[in-house]
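What follows is subunit A paired twice: with subunit B in the first complex and subunit C in the second.
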Partner chain A sequence: MRRALRAAPFIGPHLVLFAVFGLLPGVYGLYIGFTRWNLLGDPQFVGLDNFHEILFDTESVFHDQFVNGLVNTLIFVAVSVPLLIVIPLLLAAGLSRKDLKGAGFFQGVFYIPGLISVSAGAIAWVLMFNRELGPLNNLLGTDISFITTQPWAWLTIFVLTVWAGIGGNLVIYRSAISAVPRELHEAAQIDGAGTVRRFLSVTLPSIRFPLLYTMVLTTVGSFNVFGQPMMLTKGGPNSSTKVLMMNIRDLAFGTGASIAGMAAAMSMLLGVVLMLISAVQFSVMHRGIRG
Partner chain B sequence: MAESTTVPPGDGGRLRRRTSLIICYVALATLALVWLLPIAYSIATSFKSATEIAYSGFSLLPAHWVAENYVTLVEGASSYPVLQWFVNSLVISTSHAALTVVVVALAGYGYTRMRFPGRDALFLTLLGISLFPSVVNLIPSYKIVQTLGWVNSPLAMIIPGLAGVANVFLVRSFMAGVPRELDEAARVDGAGDFRIFAQVILPSIRPVLIVVFLFSFTGSWNDFLWPTIVFNDIERMPITAGLLLLQNMFGDYSKLGQLMASAVLAMIPTTVLFLAAQRYFLSSLNLNAGLKG
Partner chain C sequence: MRRTPKVFAAAAMVAALLTGCSSSESNTLTFWNPLTGDDGAYMRQIVQDYNATKPQYPVTFQPMAEADLYTKVYSVVNAEDDIPDVMIMHAARIPEFAGAGVLTTDETLTAAQPQLKRDNYQETAWDAGTVGGKSYGIPLDLHGVIMYYNKDLVAKYGAEGFLDDKVVTLDELATLKGKLPPDTYAFAGLFIPGVVDAGVRNLGGSAEPQPGKVEMTSPQFTTVYSKLVQLQKDGLIAPEDSDSMQVFNSGKALFLPDGTWGLSGHRAIKGLNFGLTNALQMSPDKPVNVLGSHQFVQLKDGSRGKERDKAVAAFVEFVRKNSLKWADSGQIPASRQVFESPEYAKYPQSFLTATSEQQSMLKIDATPHAGFISGALWNHSKDIVWGRVPVAQGLETMQKEIEAKIAEADAAGTKRD
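And then the complex of A and B:
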């Protein structure tokens, strides 16, 4: 007991903060998903009503919003996760060549957009995509309303995502590749394996842990996508890029009356999807590491 | 050089190697250009006059470089308090990062150097809870912040993030690597926990604390969803949330220069931090991933 008291000044501050801003909202969040609530009065317990309405009531506007938001979020995840893994991986392989100079400079260039806020980065790209003043239309000789027509609206979202998102994974892959023992490469070379072959059968297996680690983090991050569509397309045209986080935010904090209970239920469903996917990836990772 | 000790490449091999190197350079240079272009074009446009943007059509560089857009922001003559947002962001991010370092360093010491029953179990429990999807916390976190009276207060962005466990994990792992002989020597000299913490441990974990500071600062500076929820007072919001309001200026080419100047302003602090402390940013990713080979 005395020992615990002596430790209190050290772990106490973090522990209190964690209780109030980590644990409490988590527990509270699980509860209000089962309530009708407008952020103001007392939440009214309604059991599984919210979930039933979101998932099964095809008449309900919340059902439509959830399905549309989830589909758009899945589209975003399905396209952006592979891009955010493969592009940095190829770049890392290129930058790891012993005879290449300026690797640090290139890495810096690819890393910097990740340090720029999504709102500032989006404004830069909206200008790039601007119909009259943007370099894209002017240099390509086209006249496209990128932001307001599909499939271009999705394209702008992916461009901003890849532009800002590859740096972190690139740095991880590069340092992982540099840690691959040179003897492995030399042995494969003696066996007559070419560059591509060695990348596939020496480099990739050696960096499988960082590879799977970044996959989990990138996937979780992509499911939480919000800033890019919010800043670029506002979810349009016709809600075709409106992702689930935008629906959740609108319902709870939008201009109309708050429907926080429903939004919390949607958050929980998104949370469940996230946990399932992480669990699958972790089990694959586990098998990959033992195998 | 290494190749000659293993497989001596014939002339064909050398030529192929050379060609592939050139292809590599061309691809990287092209991509680097594409990566820099949006930033460069934003900067260039921020130095164009309102009339040039409205009437001269497309050009990569300004016909005449003018600073009027920045002057408008600094003088507060813009229709939005952009400079105020910038200052708000600086206050928020700096305080958040400084407090994170303090809280995390203290906790790291507690979880590695203090002995009390259930210590490691307690930490693993925190870590486990923190792995649950944070999206569930969003709405209740707002309610808590509202109850504390922090809506429209910088505290709403400074304090809740201090509850994070990842940084404690990082510092705890780093601290575990600091030799215990150092503490014991100090203890023999009669030093108490606070002195050991301040004089022995803190100096030896400086690199990881710098990393925590830098990432907390940039994370806070770039945070977007949360500030759009906890601020509705235009004067008090940080610049990321402010830029969302500025988006409607795209319709008005006479204000586009100001918009780009505002975006450029928002890019400066984190980019400068990176250029000044690059090695910390890059080493941190390995620390975070626990992948140091």
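And then the complex of A and C:
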């Protein structure tokens, strides 16, 4: 008991913040998901109606929006998560070479885009991809309308995501790689292992915890994607990049009366998907650590 | 370390004081508005001019992005705290908030300042704040998508005739097919939804002819979109991914449907010789300008005393008499004293209210579900016009989407207790 009291000042502030900004809104959001509410009048309890309509009523517009949004979100996650793991990992491995000068500078260069807001970054990238004025079409000698045609619309989103997102994981991987005992590399080298072999057999197993940790966080972050498609493609062309968070925001805080109950139900279902995937990842992670 | 508890105590006290200091207890009036663009600077000046008269309750100008403004309204209404003394609401949103019972009627303001009455305002603007026979808003302005044209290009490509009757039609634009060089366009299409809205009204249609009854698949919508698709196929609309403002401002488009609020931006372009005319139409018969209106409204707040309401009324009355500056932003002041003044006649947008015939062309989109309709038009118009979705399918999608939202919203539309 005394130990718990001693820990309280340390854990307390975070616990309070988590309760106020995480737990309470989450529970309240769950409640709203069971209601029909316009955020102004009195919420009407409708039980599981919203969830039933979203999941099973194939005639419903909200069902279509949920399915389309979820599929687009899954496409984003399936492509962006590997990119946000592999690219920073390779960069970190390259920057960790002892004979490389200016590694810190390059780490800073890769990290800075992450400090820039998605909106500002998107404005810059919209100009880069501009069909008439952008340098990309001029360099490639092409006439591609990147923002309004597929698969280019997705490409613009992934470029912005990777540009803004590699810095965070890169710092974690560099730190983890620098902690790998040098003796392991030397022993492998004596055994005749080359650079690639040592990376696969020494570096990767040694940093598996930070690797899995970043995988979980990157996946969770990617499921909540909103800014990149909102700023770059506005969900187009033909809703092909309209992710679930855009539909949720459109319903709750769109151009007309709020349809908060349906929006909250969709966000809860997205949360369930996230929890399931995170549970699988954590399970793999724990197995990896024990193994 | 010993000082730490004192620091915490001081911080807690400041926080408590700040929390307790709600707008209804301060000696300033909180004025929320969505004027974050160029127009915000002009309204800020009007507020400063009002405060310079040394009123008992000076006004605090608080602009915020439109989406944030309405989200904050939801928050303060539910918290019943930090409710602004007065705010600007778009006429299209008044039915929603009035229907939910969170707006006060304007009786308090009109009783305190008798000149705040329909006779002293442009009638269409005044009526846009009326729901179910009760008036909730006092109009600041009318604003919306009209038509800008490049005088030099219009002359160069022989399109002056389009402007003879001050009404440019889609059919007239279609005659430019084959007459323009590859990088020059009849018009740039940022505001396609505005063009559709005006075109449908011009043909005698309406997205919501009766409250709750949506007609997105009507012949009028089909006709307007079909014409736009053809213009796009003929290369007369600037490419979808181009910057419409840049296209027009750099002399690559003869016409630009753009908001009245864009006037100051176009004026800033050196060498751009442009004029203004009525919105793009389908037919020269019964042309319409479909506009919006910023309205002063008050959210219900039991803690706001009569003195504060009187002070709000004094501020709104000041704006009524002193909103010529608002015309600098490109908007059309709703105050009769201003829009009928000789000084206002010098403004390019003044033609919209210059004659009774022009005033009869003014329509305001403030049907009960105008927000859903506007959202659908913005979400789907480009897919239709640029041929990714057939016209009929796109309109059917919009119809279903709006109907579903209306069903949900109306079912949830209980009034606050």
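Rule of thumb we're sticking to: the second predicted complex is superposed on the first by the 268 of 291 C-alpha atoms of A that agree within 3 Å, B and C clash if a C-alpha of one lies under 4 Å from a C-alpha of the other, contacts with A are read in each partner's own complex, and residues count from 1 in each chain.
Quick note on the criterion: a contact is a pair of C-beta atoms (placed from the backbone, for glycine too) under 8 Å apart; a residue touches a chain by one contact, two chains touch by 3 or more.
Treat the numbers as computed from the prediction; the structure is a model and nothing was measured.
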Three-chain arrangement built on subunit A, subunit B and subunit C clash or fit: clash
Contacts of A:124 with subunit B and subunit C, given as first, second, both or neither: first
Partner, of subunit C and subunit B, that touches more residues belonging to subunit A: B
Which superposed partner A:132 touches (first subunit B, second subunit C, both, neither): both
Which superposed partner A:253 touches (first subunit B, second subunit C, both, neither): both
Touched partner set for A:45, first subunit B, second subunit C, both or neither: neither
Contacts of A:60 with subunit B and subunit C, given as first, second, both or neither: second
Which superposed partner A:32 touches (first subunit B, second subunit C, both, neither): first
First, second, both or neither for A:282, with subunit B first and subunit C second: neither
Contacts of A:179 with subunit B and subunit C, given as first, second, both or neither: first
Shared subunit A surface residues [contacts with subunit B and with subunit C]: 39, 130, 132, 253
Subunit A contact footprint on subunit B (complex, rising order): 2, 6-7, 17, 20-21, 24-25, 27-28, 31-32, 35-39, 41-42, 45, 53, 57-58, 60, 102-104, 106-107, 109-111, 114-117, 119, 122, 126, 129-130, 132-133, 135-144, 146, 159-165, 168, 193-194, 197, 218, 221-225, 228-229, 239-241, 243-244, 246-247, 250, 253, 256, 259-260, 262-264, 266-267, 270-271, 273-274, 278, 281-282, 285-286, 289, 291, 293
Complex contacts: residues of subunit C adjacent to subunit A: 67, 70-71, 74, 77-78, 96-97, 100-102, 239-243, 369-372, 374-375, 378-379, 382-383, 386, 388-389, 400-401, 404-405, 408-409, 411-417
Subunit A - residues contacting subunit C, complex: 36-44, 60-62, 130-132, 145-148, 235-239, 250-251, 253-259, 261-262
Contact set on subunit A toward subunit B in their complex: 3-4, 6-7, 9-11, 13-15, 17-18, 20-26, 28-30, 32-33, 39, 91, 94-95, 97-100, 106-113, 115-121, 123-128, 130, 132-135, 138, 163, 168, 171-172, 175-176, 178-179, 182, 186, 189-190, 195, 209-210, 213-214, 220, 224, 226-227, 230-231, 245, 248-249, 252-253, 260, 263-264, 267-268, 270-271, 274-275
